[in-house]
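Chain lettering (A, B, C and D) follows the sequence in which the chains are written, and residue indices restart at 1 in each chain.
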């Protein structure tokens, strides 16, 4: 019984702080800062010269972070049985390990330990370094923006599916046509239909890098027609996500101003 | 009389399944998978090397698909008289042959048979291969997205016409002006007004490939002015299509949540 | 008195046809076709080779058009006194000549007659040829799209002014900053602040031709910041025009469906 | 007491004119014109040749402007004690000096005086010349557009923060992935994650200069996916600013039409 109380106290400390819980608040700030610094470290490490020059500090910081994240991981694993969902000391913990939350925590530390136990070539190790960036998802516990992403995608799942189908069909039709028109004149740019899809995405999202574009008159007429009518279709999935976020944001604002009025 | 019942049973099997009709459901899934695989085959065939390497499998799959689609076509042709609209055994069938639905089905198989009966040069055969992609429209019977496209275009026909007129007029005026300004300095890029329209589309859709752009100060000032004011006009047709889809999608969602509440 | 009746009959014939007036309808179609063909002729004349090859036909068509448009101009000038506004036989006609409608009609024919009476060098004559394109505005009498343009700009005048001010200020600030940052490294691309405005328009309208872009790290950071925050500001004028058109279109649709219900 | 009346009269003259106050109106127009001409001068000075040719006139205009702005600055400093907020003759004035309004006025003249008192190298002087452009913010007292910018940013602060976080996270994730995919093939374009962020901004704002783009098939697939889903996220901050302006503009229009109806 006392054991459970310890676990609950621990969980309430390491989870997102409720108002008034000062220690928990400090712990949150500490972990969030650590995560952000980790992300910054992964990013600036890639700048030529910086890593070589400050390798020692980067490595120390990496060791330090992994130790903290490992302790956090095992504390959570130990305390998780305090929740009814994971109550069983063995099966509950196993179920917890495979929860999304715990998997993200594991992904944050595993890439560090794997090369110690297994023999790996450079390519794989390089990939594992990239995995360190997944630590950013640990912010998901604290950041509103992250929580919103999941909510928005869940709620608009179906609209996203329908609009992505439209995007796919439009992409297939436009790049097939363009391929048959331009392939003979520009065999190196419009090599195949899948390759032409790159043109089709660049055009219909209006990014227009300019690395591929039609040169035949017929190709240009087709591209103009596709662009004028198709840009709206390609804007649909991004627009649905954007609208989802906007409605979540305005919902939050309303709630907040309501709460303020209550006080 | 019994004949008609057979036809109706056949139609209800090969058409989109109503709830509960299991065989029809399996038939739908089979045909849809076949169509999707056909589209995928047409697309990846164009990748250099792949066709040469796996020509045999591609050809077998093509034969198989055409046989299925041909059987489907004639089954539909036989059974169509069960519908009142095409009731007459001869004239009804002829009228059915010229319905959009049947024409799409015919377009899906005809490109295969034509070269067997007629002598054709490579260019035409290549074009006929492209026609195989039209099989994607056979999905129209099953896919909501396809049904929506037709609905949206029909409902917004007039708005589309008006906005496309605006787009055309803006395109004519801006490219004529730009042609007269830039032609002397860049005769190879702004060769004629029709050629300058390519610049005008690339700019006003904000694609901006960067293959043509004004270089004279006057041309740049004009391009800036046209871009700042004209981009909205060019966004109208795409926007109308996008708004049409969005309203169709939200209508569907509402209907569905209403039906759920009823249950 | 009888004279006035003739004038009114003439005006009702050459103006946009009311329902039932068949001759007027045919006249409208004839003039509109002539205008559209004129615009098409101006456009395809600029295609190298075509003008040289078919010069005779282009010239005959030009003579024919100018004769028709001249007759139309003088018929209108003669008949205008039937309207109360231009009732006085001399002053009324002079006032009519300076009305926008009449000026557009004059601009459509004057470029043809001027070189006959005055000695002009090639450059001016070339410019006058461009003026033939203004005949497109003669469509303004018949086309809904044209009538809408005028309405929309009139109604949204003030919003357009405010947003264009914002665009101008943002353009000045962003190009000044960018000029001071990039000038030393790319003196040929960012030659001066006015020249840098070309970059700023291409970026903030998201056209992005790719002829000028920052290369210094500081320039890139600034460009990213300006783009993420500024694109919305640059989209305002175009958006206001687009919204204006959309509201005009939907107003028309409503009116029409109302009229239909009445019948 | 009389002193205070003088100060108030002075303030009401140099501040934005209330209706009916003619002298104040003329003063406003004079100062606004001077500011606009200053901005124009700073801009066209940077055009090669113009400054060298007309240096004398530019310098005279600069002296004249600085004298006027300096007099204005000290008049405001003298008169500010008439306002309750800055009533104390010493501390009130010091507090006024550090108000945003006064700092902008100071920034407009200080760059002129600093080089007279301190020894500075060319780079710093060049930077100070740029600071003259800050005079544009002096328009803030008179221009609606400027007043709106401040209001909009203040009101949408929180939405902007949330959406900018989303933009940052999306930028980090997409450029990290792209860096790991493209770095080996294009080490000079995708040198590091921060460098790859330039690609990510150019793509997700749909500017697409075309100086960097993925070339590997995997990179292209990723870029397509990121573009189709991410463009909406990047459009959020700009969209929030734009929506803020639009609502401010329409509020103004409504107030105005209300006032008109009252009259």
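Note that a contact is a pair of C-beta atoms (placed from the backbone, for glycine too) under 8 Å apart; a residue touches a chain by one contact, two chains touch by 3 or more.
This structure is a prediction, so every number in the text was calculated from the model and none was measured.
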Centroid comparison with subunit B (C-alpha atoms), farthest chain: D
Centre-of-Cα separation between subunit C and subunit A, whole angstrom: 48
Between subunit B and subunit A, distance of the C-alpha-averaged centres to the nearest whole Å: 34
Multi-partner residues of subunit A (each touching 2 or more other chains): 202, 206-210, 235, 239
Contact graph of the chains (line, ring, star, complete, other): complete
Touching residues (chain side subunit B, partner subunit D) in the complex: 206-210
Subunit B to subunit C touching residues, read off their complex: 158-159, 162-163, 165-166, 169, 172-173, 176-177, 179-180, 183, 191-195, 202-203, 206-210, 213, 217, 220, 223-224, 227-233, 235-236, 239-240
Subunit A contact footprint on subunit B (complex, rising order): 39, 42-44, 46-48, 126-127, 130, 133, 136, 143-146, 148-149, 164, 167, 197-198, 201-202, 205-211, 234-235, 237-243, 245-246, 249, 253
